[in-house]
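Both of the next two complexes hold chain A, though its partner changes from chain B to chain C.
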Partner chain A sequence: MPDRHLRTSYKEDMALLPNRVNRFWLTVLLVALVAYPFFARTLPATDFWIVLAVLVLIGATGGLGLNLLSGFAGQISLGHAFFLGVGAFVGATVATPATTTLSGVSFWGLGWPWWAGALMGGLVAAVLGVLVAPAAVRLRGLYLSLVTLALVFLGEWLFTAPALEPITGAVRGRPSRPISMGLPLLDDGALSNNESLYFASLMVAVVAFVIGKNIARSRVGRAFQATRDRDIAAEVIGVNVTWAKLTAFGLSSFMAGAAGYLLGVFQSNPLGANFGGAPGLLISVEYIAVIVIGGIGTVLGSALGAIFVVALPELVSYLTQQGWLPFVAATGSGSFDEAAFSTILFGFFIVVFLIFEPLGLFGIWLRLRKYWKGWPFSY
Partner chain B sequence: MRSRIPLALLVALAMLVAACGGGGSGADTTESTDTTEPTGTTEDMTSTTEAMTTTTGGEMDLAFDAGFDEATGTITLGALAALTGPIPDIGASLLHGHELYWDALNGDEGGVAGMYPVELIVRDNEYNPEVNPVVYNEIKDDVLAISSSLGTPTTATIFEAAAAENILVAAGSLASQWALTDNVPLNLAAGTYFSQFANAPYWATEIADPAVITEDSVIGMIYQADDYGEDCLNGLNFGLENTGLELSYEATYAATDTDFSAQIGGAQAAGVDVLFVCALPTALATMLGTAGAIEYSPTVLGSSPSYNVALPAALGQGDEVAGIGFFSSFPYYGLGAGPSFEDDTPGMTKMRESLEAYGADIPDQELNAFFWFGYAQAQTFHQILEAGVANGDITRAGLLGVIPTIQDFDPGFGGDPTGYGPTPKDKIPTNEDNIGVPVSLSERVFGLDPVSDFFVAPYMADWDPAG
Partner chain C sequence: MSGASLLAQTESLSLVEQIIQLTVQGLSLGGIYALIALGFVIIYKSTEVINFAHGGLMLLGTYLLFSLVAGVIPSGASTPGGEANSNLPEWLAWWLDIPIAWRFALSVLIAALLVGLFGVFIERTLLHRMVGQPIFAVVLITLGLELVISTSIQVLWGPQQKVLSSPFPPTSVLRIGDIAIQWANIWAIVAMIVAVFGFFVFFKYTRYGVAMRATAFDQEASMAMGIKTTTVFAIAWAFAGILAAVAGAFYAPTRLSGFITLAPVRFAALNAFPAAILGGLDSLGGAVVGGLSIGVAQVLSARWLNPIFLELDLPNFHLVFPYILMIGVLLVRPFGLFGTPEVRRV
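And now, the complex of A and B:
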């Protein structure tokens, strides 16, 4: 009987879930993710744990988009926040009914289901991403990053332009309707808005990771990686580099758009100014941190990075408030407080990962997995 | 076959989608859903907490649900303060003013109605719309209400979710849009951004001597690109329209911008000689510094949160007198100046006494208009709690119900008595305003010397926030 980890055919090598161990742990993970909000109901501050998971799932989806573009295809982007913003406003317009406020501000809206908001937010962002892609065909490295940087400043104008007020709300932001779901298995069949948003985010993330995993192991992923490693050589061996870059931008923007829609729902009143200019740049940099810490060029790393970057500051804050970090003071106390501790921890881990573990958390995961595979032997 | 197990879970997730009721409840599809202007009424809201009753002093039952400890009688409130991020100084001042009021109430009177001490749970919202919902959700189950949530854009991210659970959220914000909600009561002692800017043209043309705005003035405005700035802009347009003036130039900036060359240069190019500014202190300082550098000195009228006692020293590079001279060179007028720390009004006298008794650890630089605002906001919330106790009901829904009954309350800071009511217009406690100019902190602790009494432009009677 062959070793369970020995792949003896190309078909096995290409399988999404090559063995029983993979399938078992994926099943456990999915069950745990579905059960999470119901477990959270038993915890104090239930909604805190749910919204924290929502932000992680949104960060993982958006992070995966950036990882496909930068990690797999090697195209640096500082404009990720622009596509998140596009998704937030397009998705809100699609999934929120048209409305006129008491003070007379009218918003366009279709009132379609939430998944249509995520889909359309993603599609429109993807179209815009594909429009940007031709610049990537001619540019690379710092020059490309400057072009994508321009996107966040374009977004600052676009998202607050008075002419687009019916879509973006201009300077005031626009409403993004809460997601509401029912679950027949429950007694009252109802999920709270936060739980509904969690399941919506989970579904989008699952779809995104299935797409990401498929791309990473298939012809498209290999084309991305060939383009990243040496685009001229890739072209010589028959890879259509232009097509690869176009696809990478499209896919990345699609995932950012879908994540942006969910982020808009989370914020309930997404504000254009937060997705453009300096705040937008900050968001883009955070997503870069997600893939650097999680693992550049890995699918799982996007999720691990999101857990670290998104959840860490909130967890530090929570643990401090609960008195579990006695050496850290409450924010605003003037001494070594939770905000300072989070910032130091964040910077420390980025430096450590870049120097000692370039593959990020995914690299640590790989080493742990290898260790347990051989356990109790060290080889 | 085995590979279908995860697939089955995906199908189960898909079935969950199928079970979903679309993007929202059926009722939502026909109602206005603007998160800044909800249409739900108190009756529409559904509480998720179960009400209980306790007997108080053996005389009457008090209904309660969340944020009340029956054993100790302690009422727990939440405060979402901006202790880091772009405005930590404002956040700290406002929070410490807020805490001082509750400390003094607990220490001097034993708490609400003399028997229910108030405890605060504080979280840092970083003035960040993404962080505010997280910290709100962290504490909401443990509190009766949020007695302070700093920021207009930040509060906009939570107030609808709070309304669904009947939770009151007092915004650390003077945006008039809150009058369109049922669960965000405005500060009883302060006017709105709208009223600051709507009143200003009246003061500048009719009260100020000599007039600050004449018919030859070219008027411009720079404002923060969010709800806060838009409220200022709407107010100014209303005021200008009613005084026969017009706005010749307007420019926006993002809250995190640090360079205002384009906005200031644009105003100079447009020939603006009266410039209204709706900003935060750091932005105002940079704008004035930029204007000074290009030798442009329009008369500047700034919103109340745009001035901070630390600005003169900062602009004068450590020399406060030079900084005040710099402000005077424009000149600069602070709208919504509010009361002065030195006033002999009952409210300010009480605040000074409280500060002496309970404020030993509050730094001097935090004694400013924001400190007073936080203090007055707690005073507002105190009135709501008193009304709830008097009504025998401090459940979340009970508190929402008593707000319109608060009438003719005198905050004690020199303005007319204020209160709430059932309509958006009634929910604006006051349209009164006063104007101040920067002076040394040795003269005025809050840094602004009032150059007008409290006043209201006559046309403000025609203003209805509902349009």
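And now, the complex of A and C:
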């Protein structure tokens, strides 16, 4: 990191939260995150703000997974959407009771609590991720990215296959039970489905970020980075590269699976076709946008990138409604609509950030912090 | 591309005739894959970048070709879908009087040149700045570019389906006994052979071809020998653009019966990745072999493997078969069949 204050001991250097300032701001952040839905209740468009936050939290969790794999361990993956899809369907199967729909499809389901869904979705995705990893051990760099691209197409095939209909619902998708939580401390005691989903996503995201931060600062993270930078040199100094790649794939797909389960709950009827093929590739690219724009190889960057990527389409849509973007038509008109404009902006920002600010928003944050630390002196 | 469209009119034939007809269809599909894969390989060889924007280039080529053949100037969502309502200005109206065969050929040439120029433009404006940066970043840039190009095309030409008229409509077939082969398929194979032969001559005998091979072999040494690597990169991108446009010109008539929409063309390029990988990312011959074998394997698997998987309730196996083949080959030979194994140093 280009800028940080003086550390006087190894213990301090390795600490999760080295000083009081860190601890203070983290507490403020957590309190703000918990208070957010109750604050949103006072706003006119409550559900809009909560849904936005849910998508940011899901994006941050999945983005952190991809960042551990691509940013820390240097394994480029275009197959993130596949693991999200696995999480969505396995999680839904675990957390939804068995049902038969009107159209006569009977879905398997265990009806366990939501956290079991997130956990199992993550675990099954992780197992599949570890199964892909041998390819990563054999292949390097760009060849690997193309194998993971194959995952997206294999995913489309499997998710829509009639053979898996009791799990995925084939072409029609399967129901994923909404999460509902009670809040004993409040008078009315109940949270809306969206609010429950928010808290579930918040818990998953907090767990993921604690894991992510701990990995980044520990032996495992250093092994990842060594594998990324010089894999043969890493092997020579005693890093088990095979093991590092397996772990990276496992962790990454675990987080993707958990995030995928939550995404499935949000969609309430996750559809296989949306996680594979062309739409799936677009999801994978969106997650790449999250880590590139947020900051490759940084834990905080995943969250910043998720905020940016989720907020951008909403901002475009807001500005269009305000009439500030006269050249953008309303959604669904087929011409230059909001979705097309957002997609172009995604592509544009990926290119611009890679050329001008490779560390992404995190890099900008570092520079701002450094600037204000020394202000009014330049250094 | 559904399994049924690959297997048109084969039910009544004997086994040998089926094999012949399907192999020709496979070779035609494979020829297009080979053209696309050559585009990947040429850029990978000279710049070590996998160009995810290739689908975008192919899309641009196909839409430009449509516009040229049908005399339609793109005008946003209301762009007409066929030549019946061409919107050329009056002083250009003579263009539509040219016979379709000549108009198509000229249009392919012009579209290929324009897309080639566009490739050079991309290289000059964006990728040129990234020389010396991590490959990872450059690859992601091409991915971002793909989004920008494809969406811009959708905006310019509108989402409406376009009809590309070609001198070889799906109804014109060559009959040998009971075997029926579409002329479009034969022309696709011919175009592939011409393009491949042209490239081999270029690489073997021309000054710039030798310069490109030298740059691919050792960039620093070739710079020291006085080769302008920037020119080499620009040529590589120009070729990739040309190949993408030609592939698009034959993909639409052979695979889509001339009906162009955004998604299938865009993802045809992705479907050619297994071809490039199978042959080895840095081998021109490998791209051709890989393309042809993936094409034939896909068509034959649609005929003989699909029924087996259908019994397991897993339809459309031929769509993923190329990827499974690719993974299988990569696990045995990590650099493809003809790729150069990378020498890794600490």
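Remarks
Criterion: the second predicted complex is superposed on the first by the 341 of 379 C-alpha atoms of A that agree within 3 Å, B and C clash if a C-alpha of one lies under 4 Å from a C-alpha of the other, contacts with A are read in each partner's own complex, and residues count from 1 in each chain.
Heads up, the rule we're going with is that contacts are C-beta pairs under 8 Å (C-beta built on N, C-alpha and C of every residue); 3 or more make two chains touch, one makes a residue touch a chain.
Owing to the predicted nature of the structure, the values given are computational and were not obtained by experimental measurement.
Applying the stated contact rule after C-alpha superposition, one finds that A:181 touches chain B and leaves chain C untouched.
Using the contact criterion defined above for the overlaid structures, shared-chain residue A:139 touches chain C, although it does not reach chain B. Between chain B and chain C, the partner in contact with more residues of chain A is B. Contacts of A:243 after superposition: neither chain B nor chain C is touched.
Once the two complexes are overlaid on the shared chain, A:278 sits against chain B and chain C alike.
Once chain A of one complex is fitted onto chain A of the other, the partner contacts of A:365 are absent, as it touches neither chain B nor chain C. The residues of chain A shared by its contacts with chain B and with chain C are 156, 277-278.
Chain A meets chain C in the complex at residues 70, 74, 76, 134-135, 138-143, 145-147, 149-150, 153-154, 156-158, 161-163, 165, 230-233, 236, 277-278, 281, 285, 288-289, 292, 329, 333-336, 340, 343-344, 346-351, 354-355, 358.
Contacts from chain C toward chain A in the complex involve residues 44, 50, 76-77, 126, 129-130, 133, 135-141, 143-148, 151-152, 154-155, 158-160, 263, 266-267, 270, 273-274, 277, 281, 312-317, 319-320, 323-324, 326-327, 330-331, 334-335, 342, 344-346. Residues of chain A touching chain B in their complex: 17, 20, 23, 26-27, 30-31, 34, 44-48, 50-52, 55, 95-97, 99-105, 107, 111-117, 156, 160, 170-173, 175-184, 193-194, 196, 199, 202-203, 206, 210, 263, 266-269, 271-274, 276-279, 282, 314, 317-318, 321, 330-332, 338-339.
Residues 2-3, 5-6, 9-10, 12-14, 16-17, 19-25, 28-37, 39, 81, 83-84, 88, 91-92, 95, 122-124, 126, 129-130, 133-135, 137-142, 153, 156-158, 160-161, 164, 177, 180, 225-227, 229-230, 252, 254-258, 424, 465-467 of chain B are the ones that touch chain A when the two sit in their complex.
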